[in-house]
Each structure stands twice: as C-alpha cells, then as structure tokens.
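So that we are looking at the same thing, I have put the structure below in structure tokens.
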Amino acid sequence: MKREDIKHIIEAILFAYGEPISIKELNYIVNEDLSSKEIEYMINILIEEYKEQNRGVQIIKLENKYQMCTNKDYAGYIKKVLEPKKKKTLSQATLETLTIIAYKQPITKIEIENIRGVKCDKVLQTLLENDLIREAGRLNKIGKPIIYKTTNEFLKLINIEKLEDLPPLETYENSEL
Amino acid sequence: MKYNIQLQVYEGPLDLLYDLISKQKIDIKDISISEITKQYLKYLDLLEKMDLEITSEFITMASKLLEIKSRYLLYKQKDDEEEEDPRLELMEKLEEYKKFKIASQDIKENVSYINERFYRNKEEIVVDEKIDLDDISIEAIKNILPYIFKVRISEEKTTNNDEKLNKIVRGRIISVEEKMTELRTILEENQEFMFTKIINNCDKDEVIATFLSILELIKAKEIVVIQDIFFDDIIIKKGSEM
Amino acid sequence: MKREDIKHIIEAILFAYGEPISIKELNYIVNEDLSSKEIEYMINILIEEYKEQNRGVQIIKLENKYQMCTNKDYAGYIKKVLEPKKKKTLSQATLETLTIIAYKQPITKIEIENIRGVKCDKVLQTLLENDLIREAGRLNKIGKPIIYKTTNEFLKLINIEKLEDLPPLETYENSEL
C-alpha cells in the first residue's frame, strides 16, 4: 500500500463515518499490519494539508478522536445552506425518530440517521432529556456506538402497556422492488 | 416418468406475444396473425388448466387478436390497397415494446446492487426549540409509519379481492372450440335459430368467439347460414354434415 | 473575494449540505454578485483536483447538480465501518416501467400503460417509494394526469451521471433479445 493511498483511505473513512474515530479504529480499517504510528503520521499530514490551504473542510482532533467538519471561517455560508425550505418542527422530528427507535430497538444513532436521511444528534438529545429513550449499552464494533431503547415513560405517553401493543408492522405490506 | 413443466410468467400480453414471436425467430413485420393467435390462446388455455390467474389485460388482448384475425381475413380477400393492414397497429405496439424490453436488460446490467459510493447525511434544522409531548400519540405514530418505513398499508388486499371477483364474473375466456360445442348443442334442440339470439348478453370477446365458431362450422359444412338482406339477422340452420 | 476562497466555500457547502446541489443554489449561497459561469468554473476545477489526486472524497455531477461522495476505489474500507445499504433487486415489471420513464420522460401513467399493455399503478407506487421516480407536475389536459420523471437516485442506481448517458433508444430497434 502506498502512503498516498493510506492518506486517501483515511480521508474517505472520515468523510463517510461522520462521527469521531480513533487511531486504533482507523488502523483496524485501513490495514492491521501497519503500525498505529504510521496511521497517526498520515492523519497528521492530512490535517496539515487541509489547514495550510485553508480548505472548506478541516479535520479536527477531539480528545483522542478525529473528525471531519467544515472550516469555521465559512460558518456563515453553512448556516445559509442548511436553512431548509420546508422546516420541520422539533415535535415532528422527534416523533419520527421516536417511532424508528420504538420499532427498531435496540438501534444506534447511525442506523437512525440512515433511515431518516439526516443527522439526529439534537433530536436524540431532546428525547433523552424528556426520558422517552435511554442509552442501553454500546455495540461492540467500530466507534463503540451507543444503542438506544424506548423507556416506560414512552409507553405511558402513548398509553400502551408494552411494545407489542404498537400497531404491528406486519399489517403493512413490505414494498418490494 | 415425471415431467417438470415450468410455465413462464409474463408481465403482460405484449410480453407474451413478443416472446412467442422471438421464439419463432421471425420479424415482427412477418407475423402470421392466425398462428400467433393460436399460440396465444393456447398459452391462456394452459394457464387456465393450471388454475393460474389470468388478468383482464390478457383476455382483452385475446379478443383483440381474434378481431384482428377476422379483419385480416376480410382485408386479404378484398385486396384493397386503400385500407390499412389490420395487423399494423399491433405490430407497431410490439416494435415499441421490444425496444424498451431490450433497453431494460441493459439498465439491469448497469444496476449496482450495493452502494459503491457513500454520502453524508445533512444536519437537521428544526423551526422551534420546544417539543410538545401532546403531539406524540399512538395515532400520530400510526400516521407516519408508512412514510418512515416505506411500507404500504394493507388496504390493497381489499382491492385485490375485488379484482379477483371481477375476473371470476367477467374474466372467463371463451374459446372458439367451446362456442362450437355450444352451437352444436343448440342445433340438436332447434332446427334453426337467430344469430342475434345467441349473442344476446354477450360481451365483445364472446361475440367474436361466436362469430369465429360459426365460420368454422360453415367450413366444416355443419351449418348453413341465411341472410335475406344486408344487416338483417342471420339465420343459422343445420348443414349437410350434421 | 479571492478565487481560492470561492473554491473552498463551495467545498464547505458540498460537505455540509450532503445532498445534490445546483449551480444556481451555490451561486445564491456563495455570492449572488458572482456570475454562475464563475461558480461553474470553480466547481469544475475542484472536481478535477479531487479526481487527479484520486482523493478519498470525490465530487460527482448528477444531471445539473453536484454532490460529494467517497471514492469508489475505497468502498471496501468504508464497508468495514458502515453497513452498506443494500439495494433491492428490481423485478422485470419495475425495470421495464423504469426504463420507459427514463427514455420517455416526462410521461403519464396512461402513456406508460399503453406501451407496456398492462396496468402500472402498483409498479409506479414502488418506484415512487424508492425514490427512483418523482411526480413532476400535471399535464394540462382532461383529467390533469400526473407526469413522471426519473430522479437523481435513479442515475446513482445505474451508475450514470446524466440521462444522456443512456444508450440511445434507437440502438435497440434492430437488436435481438
């Protein structure tokens, strides 16, 4: 594997994964035979390149994890672009996320985001604060993602006794292509 | 010895027709309408025998083929240059269908069934900062389920049943052979009868089938037909061979 | 505004937005005083840079919109982190209908049914649900029939960038199945 390749693989992973990721995890994904020193060296080169050119995207280090994000200098533009045409209320977004968790639990944030097609950090925070969902451990895979489940509060709120009382998904025909 | 019969399922009447034509390795322009009609009806017959569903589209096409066939017989006899070949419309339809059918094979080959490219999810921006717990109810969940899981509510089942019922009521396909037998039975009891009498309450498909069976019976000399003046009713009588 | 800046703002927007975005939208966000030609020029430079260096992240053009995504070459690595979304297999009926829409768009349901010789309601529903086609207004004639077009998801599905990349329909006129 060429050095340049390593750099670009790391770049691709940081982009697609979106969440903070550690050297150890990157090491595992790129090539276990490489030393973690090598990975760290390459990611530092990448960080420097992005910084030097003042690129639109930057790589930041948080604790001992790395994440890709937009350059602070362009925050004004990003705000403008993320302004949605049709805004959802927090209640709508919450209801959607809660429904997904109710039916698919235990579920991770990334799985929820893949169903909804948007990042869900804020909504998950709201749901946790209102005690409608809870963290139920971590998955033993890359990033050790938190898994979420609904709470008894949730059952009380929608007036059911147990999860089985939710409208069954089986009565909905799975659409097949 | 056991035979393994595998019946090919077609997407529709055009799919079936096109397959019949390609099996004969002939050009769509050169189709023999009577041959293709025969094979088409044979396939429907097979479906019926195997108790498989025959949708209304297949039946409509069957009557259409019979219609084209009879019009083509007249067209050939008249040898009228002015008149359009009754097969033309069907041929054009088949030509058009063929293009898309082949193009869809190409598209199928291009489909990558697993994502090779990965994208990022957008941040979600919401209007208000407050959540209203009253908005969360079992009804609300029910309402958004189809949108979230892209599942279809099973109300389709009822329409399906209606469709099936419809098919049983009006979907029976009438073969020319069947009609011939029916006509023979009537002739055993009656010396003669009127054409309009026997096509009373028949739909278009059945009228065509009746008409074709009469032609067959005339050919076999089982019946003779008499018509006093044009557009008058046709009287059907036993022929010399019966 | 320096040219280099424009390039990096575009980069930041593409990263943050996640979805396909048009030159017009970019123009509005970056700086309305710039010409759209300038934006297009800069984005093309960006695309070329990414491509030339075979970076982990690439910019693809779908019809007239642009989107950032990972480099295909590194798909294997990303799959280690993210569960790839498996695409469903398409049935013959779905494929045929999709093909007709792809070539004949904008097209109404009745026109599709005339070509296929069968009812297409169910297939159209499936295609809509899977975001492979979209409703693109109504025809101004009796019944005001809905007209259908294919989506960018369709382009992604069959790995082309624009509809013109489809082989011309005439090529199938004299071919055999």
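Order as written gives the chain letters A, B and C; numbering starts at 1 within each chain.
Operating definition for what follows: a residue touches a chain if its C-beta (ideal position, glycine included) is under 8 Å from a C-beta of that chain, and two chains touch if they have at least 3 such contacts.
In this text, all values refer to a predicted model and were calculated from it rather than measured experimentally.
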> From the centre of subunit A, which chain's CA centre is farthest?
Replying inline: B
> When the mean CA coordinate of each chain is compared with the mean CA coordinate of the whole protein, which chain is closest?
Replying inline: C
> Hey, how far is the Cα centre of subunit A from the one of subunit B, in Å?
Replying inline: 51
>> Centroid of subunit B to centroid of subunit C, CA atoms only: how many Å?
In response: 36
> Any idea how many Å lie between the Cα centroids of subunit A and subunit C?
Replying inline: 25
> Could you say which residues in subunit B touch two or more other chains, in rising order?
Replying inline: 118-123, 150, 152, 156
>> Which positions in subunit A are in touch with at least two other chains?
In response: 12, 15-16, 82, 114, 175
>> Applying the document's contact rule, which stretches of subunit B touch subunit C when the two form their complex?
In response: 11-15, 22, 55, 57, 61, 93, 95-108, 110-123, 150, 152, 156
> Hey, which residues of subunit C end up touching subunit A in the complex?
Replying inline: 4, 7-17, 21, 25, 29-30, 53-57, 68, 70-71, 74, 77-78, 80-83, 85, 88-91, 94, 125-126, 129-130
>> With touch defined as at the start, can you tell me which subunit A residues reach subunit B in the complex?
In response: 12, 15-16, 18, 82-84, 87-96, 98-100, 102-103, 113-120, 122-123, 126, 130, 132, 157-160, 166-167, 169, 171-175
>> Which stretch or stretches of subunit B touch subunit A in the complex?
In response: 118-133, 135-138, 140-142, 144-146, 148-154, 156
